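Presented sequentially are two complexes of subunit A, the first with subunit B as partner and the second with subunit C.
== the complex of A and B ==
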């Protein structure tokens, strides 16, 4: 049931509350509930909830190089991190990356999906081409793009040489390296996002466009006033998972820039990994992990609070 | 000043012919109904008039201007879709205003036209609701309001009441008819329901097998159908078609059974005769004189329908007064008045044209 206004939410909550008070589990119900939910609760607890709480716990201590807690320091790890310019710069870098990736992924995905939804001969070829990155693994993508960005023999270098333009050193310059990482990530995400958008656009009833055609509404207006609102639930879903996904990006960064040059692409996730497994500072990286979790949760909460109500019709 | 269809054809790439040489004149301000069984191409024809589907051959002209290659927006028409094509994310008011806003009309003009249109279809109180909060009939009214607000001179409707229940359909039928008369627009209405066609139309076009079977007023269509198909399509229960042989210049024997004396001369030796259920005469009979057996009797209030089988297996339905009593499997004798339709072997109507019938 979709809700848009406060008026149709309130009575439903009342109904729910009523049902809850009447709802009682019999012994039999409890028996079956534990049989069905038990195994997955056990596995989730072991591999998700326990590590989560363990991380929170560790982040309040100092640790030795084996990851064992030594001294309780309260929030000191967090205070240190927030006052460290290195960490703050990492947060900014992550934010720029997330915003860049989300924006370009959605814009490109929408553009391609809109193009591929046109009824043209041979359009199926483009649909396949656009979605092909879905089948590419991170390591393959990284190698592929490293070749493209290669300063001496890369595709971009050849292209700029051919056009007699100054060569751009993609991975040695901080700004360019950020662009390189964003381009690569967008490319990786695009196949999936394209397919989901295409599915959403295709499921908009054609009569809506025909009705608009008859009324003399331009194609441009139709896209912004029919297509976009109609696919807004999908748009919301994609933006949520793209934001979360790009906060968590690790593979491409590790394989292409390793956080460099001069920490220009050292995202939070990569910093957590380095601090824990190379720096041996488990307490610090646990605190960083908790901060990242809070940031992601905060963004997701904002999205649900301000956008979700607007997209469901 | 009218809509002219001249030899309009539609073929698809695979060589499938959907419409063949459709020619018709739709006068300005009339209620024109295109009717036919499903798959006869009636919606395709409507979409071709709207400009949503390209025509393969022929010519469509509106008010003297050939519109074959004009996009829908330049044809000055509006369309109500079977699914109503409402925007689920917009309120009733915004749905009606959508086209006007998109074409950048004045804010005050949009408001005036939308409010007037909503008033005309009695939806003022629901203008802030979303389509999903409306009943089927109300949704249809929103679609009608959109057509009214657009101010177009021609309105096309593609089976607008097929999603409504029977009672609501009758109500909406009357509302659509009243609206058309009030606005004086040309309404081209597609339906598969012969009752809708008969009750609303100024002129009916009957489509079947990709071809126009007949164009005429409801009375013409019912009383002087062009062929067996048209005769069978209109009227409930449908007309009884039986084989007949000529026995003299002015008499035929129907179903090798009873004789009908006609007031016209018969030329064909073998023909088919169409007898409306209310022209059949059903009498109780003993086993010797009976020619049919009752199979079923339906009580309709002021009349009954008797379904019967002739001894040779042909089935007929007859309307009898509701106080007449017939039991299942009872022996009866069926005959007919002389008010029958004659068709030749190809199903073409060969009844002598009787103008008095149409105007009766």
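== the complex of A and C ==
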């Protein structure tokens, strides 16, 4: 037995070795690999990896007026940040924003996509209307919504005055400002998310619904037990990019609230920008950037670990 | 054959890079060509809109008057962004010879040692600086030495809707009002319009809090607002700022106060509200005058910045920006930069500048020019900010705050204003503000090696 098994093993190893040698790069391959991958590796190194490590390096120092590192302080920047109520509140605010934006974007996107997937005359008009925000740039959206939120002459103010309701000062009150930003961001994201969901719903085989109809299953049940599982890869993709995207949200905040009032919309990314380019405190903002990176990496890891298991490819 | 083949790809890449480089080169040389033999003086500025147009007139006027120098203006975006650009490009080929940097960056610019004090040129040239407004000069001076020359200079003033006051039979506030003078007008306006018009607003803007303290003769930091040493501690938690906030709170309680928040459009919304007669009184830079005169169907009223009750106004500091001369350019270019500064301060140039923009003419002789006399005839209220500027006697507390990290400080002040406007406790908010500014100061002073 032993003998035979030993002899069995040896040829296997040989085969493995042979296969490996098959994939071994020849000098010629290496040459082409470096030609093709070299420039992009060089650019990535210059514009992504170098700044990344530089950020980590700066975060361990204090920086002077010119942004030069002057005093090595180890983890002091991190300790100060984590113990500062301001920064902790920024983290909470970001979390609330990310959860709010992701939830409402996906819920609204699914609802609209489901509605627009009905075969009805004239439905193409709605499909166009729902996806139209994809063509709107952040600055245009911000100006548009600022007109709506204007406390003296905005659309909402006029509406509430007409209905004799108490007027809401959208951007001056911390809670309302958060809602204003969430509404605006959801509106911005909705066009793209709607389109992707619509594509996914359209690609679900109609035979499944026909079979369900034959069984007399309700539309409601069909949506949760056929549509949702069938589009779960898309759902996973959208939730991942929406979460990462809203963590990195910047334009709307800069153009609408500037992080205020009382830091109620001062998300991490905006804080990083603010501390570096207004405060001139590059060390602090580098530390913040590193913390943000860790948080995003953590969330992405969680998603892949727990959510991906539920995805049917 | 294979050897040639190997060369093809890198060759294409190299060629592509070369083409891009050449194309870039031709573009850059095109913009840098000088039409004549005059020395080129690169000038960075941050004036947009109508002010930019007016500034270009000054530059053109200078260039036409010159055989030796030629100023090349370059727009750099917002004040805030320009500071980092100026600091980061110093000593490189792209850096400016003369640049405009805003009020609160004065300490940063001074400590950078990237500039030549304007005083050096004044002494050499025999330029009579006494003609230039002393309050404006003292803002950019240290130890009696002029570091930069004030250029676009504004004063915070109080605007009111004179037509509305007339309509409701309200006596206008005096030229130098106290807090309670303004409260009276605001409350009357709100009551008599049956709550259709809000009485007043004070924008959430750190500058206004600083001016309230300046006008009360109180400093924001120790060491006399940085004029007698590097500031190490904030002193915002004082009676003057409390009085300022209690004034606002009183009006909030009466219902006549409008809060426009601190968003990106807060300033615009406030101006729109004022122009549409939705709010009767607001405080803003005098640089808004020309805009308010152009688009206003109502009569405009202007007073000085309000002061605490029972106290004489100490005068407010100026706002705006100054012109600095970089030390990384040859002597000839530096001299050209000073020639340009001198030109920009001529009585007629300053008078036209005030008429076009609302920034105040700094040269005392400008008031006698036909340009300003004509303006005052047409809009008598435009004279008020200039009077406020002339009346103020410079001291430590109305000459700005010579402290690094003022941009961050403004944000911290705004945080306090936001929390107070939303009902927070005044003393706690001010204590918190001091603590945050102290933290920043400690870090800044440590990082820069100031002890």
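Criterion: the second predicted complex is superposed on the first by the 289 of 313 C-alpha atoms of A that agree within 3 Å, B and C clash if a C-alpha of one lies under 4 Å from a C-alpha of the other, contacts with A are read in each partner's own complex, and residues count from 1 in each chain.
Quick note on the criterion: a contact is a pair of C-beta atoms (placed from the backbone, for glycine too) under 8 Å apart; a residue touches a chain by one contact, two chains touch by 3 or more.
Bear in mind the structure is a predicted one, so any value in this text is a computation, not a measurement.
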Touching partner for A:30 - first (subunit B), second (subunit C), both, neither: neither
Touching partner for A:208 - first (subunit B), second (subunit C), both, neither: first
Touched partner set for A:219, first subunit B, second subunit C, both or neither: neither
Which of subunit B and subunit C A:70 touches, first, second, both or neither: second
Partner chain in contact with A:232 - subunit B first, subunit C second, else both or neither: first
Contact breadth on subunit A, by residue count: subunit C or subunit B: C
Contacts of A:54 with subunit B and subunit C, given as first, second, both or neither: neither
Touching partner for A:256 - first (subunit B), second (subunit C), both, neither: second
Common interface positions of subunit A, toward subunit B and toward subunit C: none
Contacting residues of subunit A [partner subunit B, same complex]: 2, 4, 205, 207-208, 210-218, 221, 225-226, 229-230, 232, 313
Residues of subunit C defined as touching subunit A within the complex: 6, 9-10, 13, 80-81, 83-84, 87-88, 108, 111-112, 204, 258-266, 269, 272-273, 276, 278-279, 404-405, 407-408, 411, 414-415, 418-419, 421-422, 436, 440, 443-444, 446-449
Subunit C-touching residues of subunit A, taken from the complex the two chains share: 31, 35, 39, 62-67, 70-71, 86, 142, 146, 150-153, 169, 171-174, 177, 254-258, 260-263, 274-275, 277-281, 283-284
Complex interface listing, subunit B residues touching subunit A: 50-52, 71-74, 77-79, 81-83, 85, 87-90, 98-99, 102-103, 130, 132, 146, 150
